[in-house]
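Would you mind keeping the following structure in view while I ask a few things?
In this document, chain identifiers A, B, C and D correspond to the written order of the chains, with residue numbering beginning at 1 in each.
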């Protein structure tokens, strides 16, 4: 019998991507689609690429419309997920694609989000040690942020193998869909095409503490992250260029061995052959992660680079991957490692 | 038992797209992949988005490497398909994504291609009247050109219903992948980003006679086509803006009725609700066709616009759709109407 | 003594482009810069590319702030220019980059804009026969729309030489800056990158009557225009693909001769050598117009294609060109025919 | 009397940009334009944006064609400049936009370029301490690489003020024109649009020793640079995100003061007001540099980010700026700080 899934926030980019993937998932029946200001509109006008759902009408996001589903995906502004989850009850699988339940440290949450900490749910990055066990059978999933997904996968093997000093430097370029669908002047096509621009420089981006949390868990000690996100002239994709000083005695072989081991059995993470480097185009629309690592002997640094699709592996694909685990399905069900290129 | 398919020309854009779609086709086993100058290389280096095939090595395009398959896709420069098909024999389904067997008129072929006409194969545009019958059980398929696919689907209902004068005007914008993967200076990213540019103006584009052939068949009389292709700064997609003078007495209602009827049962062609217009982003990576039509009373013209993905419905998706028919499979097997957007 | 110029609407794209060009104009001193919701902000935050004006503060758009200038450029929403011009008095040169004073026919205005007709000012397309004489010494200039600039320059020679039937078909692709800086969801970078999409199809675009007015003046008879604008994934540029049926007896030589003659002495319009076609990248940031024309004998049509920068020749450059004429300066002062490419 | 300038390598991107800027330089007369495989072709076909030079024909690059000029710009593959300069004699100002004379250390040259070191010429980055004095009256100029221009300007103030530890980490995104005009498959528009991709990772990029040379001079001690260049989907622009650990006791105020002082009198470098960050779009086509700096207290790092146009300030604009100094002209002659945006 099919699992019945609802999507709260179906008019935005995260919601649209969840629907795109759910349509291709063999075990899911798509139930309620809800919105806020768009309630009452047809999905065909809001998400014209989702042809099979063109005639579906958005319901308002209420306990009534979301009731009666096995899984509910939340693509809501942060701060709203706790209340919705409570109304849904403990037997419904709630997959939160927002930030509310990612951070363990309440002080971090309050400093970066300026509101009370809602709690912590099992973290939906299955590739991390121990993550799958926590997700199995869980009724709550906190989907990681897009940048933390890319950065954590690029760097955790180096920390887990004690190869890197606990001070990481990350510069990541994201496609504009990461900034959402709400119209803002600096996100207009006229502004972003032909331009690379940083934002949230100097440690202010809200994804920073999430990266530090993940890398500290891998390292067994605190890890600082100097994180600079940049907006790139493309709709999708994150390229995360990450580095850290190598610990004394580290060799290129040891680095490669650590990454080979970390991803040996991972269905979605592809450590590229030596000499080839990730490109966001290669993972466009797919749940795949491309990773490559190098040891720059002259600079004494390990350079690890990952490419993901911010909406797929970075949001909705990661959400379905974790949902599969929580539901006891094969983890790869309905998810592809094939990019749409060129 | 799975159908075994080979792809000749697997390193280019058409070949890569066939493989992307074949990987998602439940009834196909991917056999030989062949190339010319790239023979001996791993597919991972040539098509890094096709992760499941990364370790496959390209064989040379020879009768031996292509032997032993049920279906062979040809993504070869024009002029080479006839010889390969002959070597494969009459029992192998040969799907030619090149131009060799599209035109019925030998004089047209010779004028536009400058070589001897190879013949005509059943034409792989199932939406045309009579096309499915010709494809069923066929062992040869001529996949339409990308522009003719977009233009024919936009205009044939108007001609089939005798609503339009036999002089069509078409301006189409194509993504750069339509120009292929061979490196040329005018196709460099530096040249195409930020630029719209026409080419083949004045009737010289080789897809012109193919459009005329299709529209004449629908109209029952010769139809001239003034065709101007333009290169747009995007990797994929064709937007075809087509128009023709309305015959006397035509009404907006009659136009809409003709299009509604033409596409009523088509699984891949979506006539948009009135007031909405196609966008190439909505069909990115999918086999869907978005069509809209309007009657401009002041100018006395029918305006029909279609959007397709030039590599999917315009090439490889159209090829698989026709293959499905030829093999007796459900026509939609392995093909999606869901675009990757934004 | 320098001419003192004010810009009303300095925070938008048209206003910013006027300022970019005025900064390079040797005879102009930049006076008041005004805005509406942005009054009080520094220009550096609104137009970060205009470094020399970074510390200038926007004043509100009032008669007082605009007083005391020799020239006032209006980059305002339509419907507001008449009142501002009246307040400025008859001795100030008012250059309206909006639509208010372009159309001669009050009925056309009312049908397309839904308000009362404000009147008609000398039309700022100097390349049209008689236009320069009307601009010389004028204190009012109606700057043409961006699409009518591109389309009129592409087609008027054919009509002035009586070569074309009075039914033109135009499909034009515009960069997104033509849609302005007000944030709207469909203009987000995520939506426009990778997509070609039409709008205003079927005769509804407000630039249509302006094109018809210009071509009718050249033809000496009414000319219908079937106009389809499309949004292209680039910030700037218009490529206008225009065609009309050739009158009986027309030859390719006659067509070329008409265009050669029409643009022989034009400083900004460049009729390309035969065999080369316009590209918007070539006129990026410049006041140049690239034009090419062909006679498609098989279809019996004249195909004329032009490329402009919609913000430069299509708006602010055209405005300065006409201002130069009105002020008795050399028409090319401060304007360039050199594009920024690649 | 005008200075007469020749450009060797006029068909490529660097040569084209030199010509674009020379056309706007009031004291220069453009003499010979030379090419290699393109000799004999008209510039209009090769650089269609340079309308005033459309009818100029490329000469072969020989001592004869380059003779008789006051200034010769070399836009040649590396390794060719020494021989050409010798033939031109000591009285001609030779401005080398290639790499041949940038590095002081012969061993560095040999390791990164694999050939014999040609020597060192005065280095054309006037903003560096002492650079202007070396350029005044010089007959030889080594124009810096595009990445070293962006990175050096972002970081040298921190090193000159002894604020940063001598281990810099740089991730820079470049537009595709930095990779040149020679057609290569990975530079096709189809490949680069929608994709961010690193290259030369791990210390291998040839611009690395040049950055280290510049920063070491500022620091008075060796500085290592971990440099990762990435290719961004845009034609022009470099965004360099640079960081280094702050020395003990460093404060945000001290960092800002160092940058304010370093650029106080610089005509082309604009230290942005606090809270605003560079964007490549803002310097498109201009010689301006936007810089911003922050002190990330949590990570203990100074983050300095610069944006330049790789072809203008990063190549041809920097070349003209240094030429102006060498010729005794005002340094800003013919150069603009106004970007073409949006």
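Odds and ends about this structure:
Going forward, a residue touches a chain if its C-beta (ideal position, glycine included) is under 8 Å from a C-beta of that chain, and two chains touch if they have at least 3 such contacts.
Not measured: the values here are computed from a predicted model.
Comparing the CA-atom centres of all chains against that of chain C, the greatest distance is found for A. C-beta contact counts were set side by side for A-B and A-C; A-B has more. Centre-to-centre, using mean CA coordinates, chain A is 35 Å away from chain B. Per-chain CA centroids place chain A at a distance of 45 Å from chain C.
Multi-chain contact residues of chain B, defined as those touching 2 or more other chains: 13, 175, 177, 181, 188, 190-191, 193-194, 233-236, 279, 281-282, 284, 342.
The touching residues of chain C, counted against chain A in their complex, run 13, 175-177, 179, 181-185, 187-194, 233-235. Residues 13, 16, 20, 23-24, 44-45, 47-52, 54, 177, 181, 193-194, 235-236, 270, 273, 276, 279, 281-286, 288, 290, 336-342 of chain B are the ones touching chain A in the complex. Against chain D, in their complex, chain A makes its touches with residues 167, 169, 171, 173, 175, 188, 190-191, 193-199, 201-203, 224-226, 228, 230, 232-237, 239, 241, 243, 245, 277-282, 284, 292, 294-301, 303, 305, 307, 342.
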